[in-house]
């Protein structure tokens, strides 16, 4: 019953098999290999447009490199105040960007609302040289840290505002597959057609060993990125092994199949919890469930072998302690694990 | 006949097997796993001292993070002018170090000579605040880019000079195993006992998929490194898979067995070439052979399927063109490939 | 009737005279001159302790260099959300600090309250490696951007909390004299004895041409600062002319006399405005008055030649527009200018 | 007899007078003043083209900001190995540029020769992503650190090579007036018509208190510079006082008159020394004389009150020690001082 994170799971069997297959013979390093060529082609096909793709091994690397590339040092990145880039990357975007500033916006359900973005950008006294930083990018997480997603019209609305003010749109897609699977949206509709300029396409949380892709939907925007990636320590010498992971991830839409499975397991968790009287705090739209449980129940579940993170603790109106826990599912989550967990919840 | 680089080889079978074994069940991310604990222990045992170990996925990441951590922004890194950090990392140390300066030193056989280091550091008008940068680290490559190695007394001599001037000693050990195997030196003797303060311990070129370790021989020096690695994009979420590579690499001294094999293949190449009248340019001490071949021979060998890089071209005294080629061996180099290559050389 | 800013005034006559006197003969550059020696001595006397003093020419330079020096790149600076470093320096602290993060705290009257600081620092899930930045400094503005000041017990309380959590305390003292003059506090009592570790001591707004001093109350903390200042572009070659400004500013407590005059003019403005029915928004504790005026009055005053900035516009309950204006006084503000301004306010 | 540096002189009387005049009444800060407008116009007239001008207070600030603005972080600045930016700015260009690399070129008389620049740029294996930095700028010092100058054809030849390889051309003009005065060249001919893209126009060494201007000859290249200057700590609040220095410096060609005087004093020194048997090491083309003197003579001259720097010490063929000293002249150097110095040399 491991719901600690989607990165506590290992590697999906299809991806592990691809790694084994890739380990055959010699191949030039640093991306000059057939796996990389094929994966670039796959991304172009997936998004139905010319793309510039840069493969890296960590999500923080992908986000920080992508943001640094579309933000001048005096630029600002506008993001939700719970965004991973703002809270969990130890200042990586600031470092890679030469001291850029992240502007944290409030917003329900982990999402930036278009009114908030609009009002923020229109408050002109706050922005612009020489005294103030200049907004350069809006970064949205798809799915968000709250396990919610931006519907296409929401995304388009944010992108329209951003573009009207000259900003680029970045998507932190560590769980991009989960969002897409939920919406049944086409990859092109959910990205450049909705106004996305650059995407951190995540595979690691989806089942890869360590593989992410920075995707620029306008290849001209990527000028210089090859150098930036290398000096950022993210050009891998045995590059084929990262490309092979992504190739397998995209192949036959494995990424979406995994995402659908994980999302389904989150739904199952949510349903069971709701029936047991514990409704999730936010809509379940990806593979994360946030729910407040009594402290004693929490302890009992963990004692019974369930793994999950305690996000927050509050005192409920009746004076007892409630713990908001986060439950995350992945390709490796089995239905019977979920059922055992729900049974354990119900038993108390 | 692939001698292009040791990173054109794939993953050593023992390491691939370890990755498959590691893919069993759940494990916490970001280094809070058993593989990481075990590999830290293994490094402490290997070097017979307390060490602080930080696992990353690229050699450039390892070097840049290590150097940035022991150099203030106004500090200088003294290195050989052919050092990888100076020529092949696209300014990664400068970026990670907040604008540090690399001072390139000349030196025969790819090595910094102690007299040169001494004279450089003693030329005090060149150094010190407020106008000049302050030497902070000497970085030596072991083995060097020329395929040569620093003998223990050479290393100690450099380290003594460095320490006498208040500098730290860094080793870029992308091919550290090759150097150690050649010298039959104990890991502790070849590092902290010889004055090394921090080591980029390479496994990727040695047969891993993508795994390097930054090893601090004084753990106090590593304070803050955990944050630096994360914001440098080099903290991997499924950390166990990098740790597992290193564990297998160290296990039963696989790293040294591989290094001995690769070194032996380089010797075999060198012997064959010498007999054919083409003596290598520098002593063969690791797994690289640099040799000048007539242009026509070069073309013929590559046409016959041999893969290698052309390093340099010169006009020989008799007016023909000679190409200095670099031949690199690895765990994957077979003796009969070497023999076929030598035969092809001899046939011309 | 120029109340636009204290930097719209010129140079105080005593300081101009000192510059003329300093322009006599030759003096070594870069701080190796008698003016610099004397000014260092003056600061030590003023604060009754050993200090390390670094003279620069802009307040942004002083703040950014000071903060960068006491914050590791993965550190955070906690400050009020209206602090100059957060809103008006175009990301200079982030740039000089290698990508540090500013954490903006709310607080009445432009001041960080100790409860807010305490609660923020105690929310441990937000802080610490590897995922989160580490709080390194609390920066308070004395006087604040709202023209208010921290009383000594308030300052001590913030400093105690900061120190208990291992943070340093920085004071942005662009208007330090105004705060001290108001409190009639001794410089030592208002700085290191209250827990301040490093001070940006401002003279420019106080009447200098362009001179600020970074003062470390523990000289050991200043190690490396000489290099940082130079590579930050803030080591002036004809250094005596910046030192001479500061010498004159400190001499005979000119800085406090000027501050008292400017504060008095602010009081006079405030009194007059209050009598005319326009009470300032915050207590008048330094040389700034923020007051909401009807839009029409605002226009009339500016048409009559009064210079000031419009800070904010709101709709009042009765449906008319009110403009919050900022009025700043300086050594150059004459009582009769104030009186003419008040008369113009009353006449409408 | 002060020949230590041109920054040991004070402020030229015309500039001091301008500062006093500028201290009349109020003026908006941060460059929104008449002095700044006028000085911008003066630069446009001087160079007979549209220019974007950014006024700063230090030469290091000017150089570092200018170079950072025309170099991406993965770019390289090619300069002479004795260039001030390479040896005397404590890594400021590397810091401001986010870790750019300075490539130091050899060259006689302190000058980059066009063959060396050409050969360096044509050695393509050294350059380009992903592994290598990309040459972005050639920076030449006019006059050089050796007191020599680039003639217009030399400059044009370097610029043609630079432009052919896509590089920009920067001039460190800390002593630009001295160079121009010697050549009797028109400012436009010596800059953009010769291929210069951005100039650090120095006034401080020429007689200002602390004033330099970054001049972009294509204003479009300056986009973003306003923010870069502010966050670099180089936007001065009482900006009129820096602009006023430059206005006076340019007014009636004061800068060239001063330069001619200083150059003439250097010639006078050189002639006298040559007659006394001590020929300068390099041609005297600006306001610096480098000459080897016997150690004993050196000591005697300094004991007699002459101030100068000892640059280098060597053992002459006859076994005695010779010291290369640097003698610098300025607006404040009087002919009789020179004559007394020469007499003192002759007397020994």
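Letters A, B, C and D name the chains as they come in the text, with residue numbers starting at 1 for each one.
Keep in mind that, in the parts below, contacts are C-beta pairs under 8 Å (C-beta built on N, C-alpha and C of every residue); 3 or more make two chains touch, one makes a residue touch a chain.
Bear in mind the structure is a predicted one, so any value in this text is a computation, not a measurement.
Visitor: Please state whether A-D or C-D has more C-beta contact pairs across its interface.
Guide: C-D
Visitor: From the centre of subunit B, which chain's CA centre is farthest?
Guide: C
Visitor: Using mean CA coordinates as chain centres, what's the gap between subunit A and subunit C in Å?
Guide: Subunit A and subunit C have C-alpha centres separated by 41 Å.
Visitor: Using mean CA coordinates as chain centres, what's the subunit A-subunit D distance in Å?
Guide: Their C-alpha centroids are separated by 51 Å.
Visitor: Nearest whole angstrom, what separates the Cα centre of subunit C from the Cα centre of subunit D?
Guide: 34
Visitor: Using the touch definition from the top, which residues of subunit A touch two or more other chains?
Guide: Residue numbers touching two or more other chains: 30, 73-74, 89-91, 94-96, 98-99, 129-131, 133, 227, 230-231, 235.
Visitor: Report the residues of subunit C in contact with subunit A in the complex, numbered from low to high.
Guide: Touching subunit A from subunit C are residues 73-74, 87-91, 94-102, 126, 129-133.
Visitor: Which residues of subunit B touch subunit C once you look at their complex with the stated criterion?
Guide: Against subunit C, subunit B makes touches at 30, 72-74, 98-99, 129-131, 133-134, 224, 226-231, 235.
Visitor: Spell out the part of subunit D that touches subunit C in their complex, as residue ranges.
Guide: Listed in rising order, the residues of subunit D that touch subunit C are 2, 4-5, 7-11, 16, 19-20, 22-30, 56-61, 64-65, 89-92, 94-96, 204-205, 209-210, 227, 230-238, 241-242, 307, 332.
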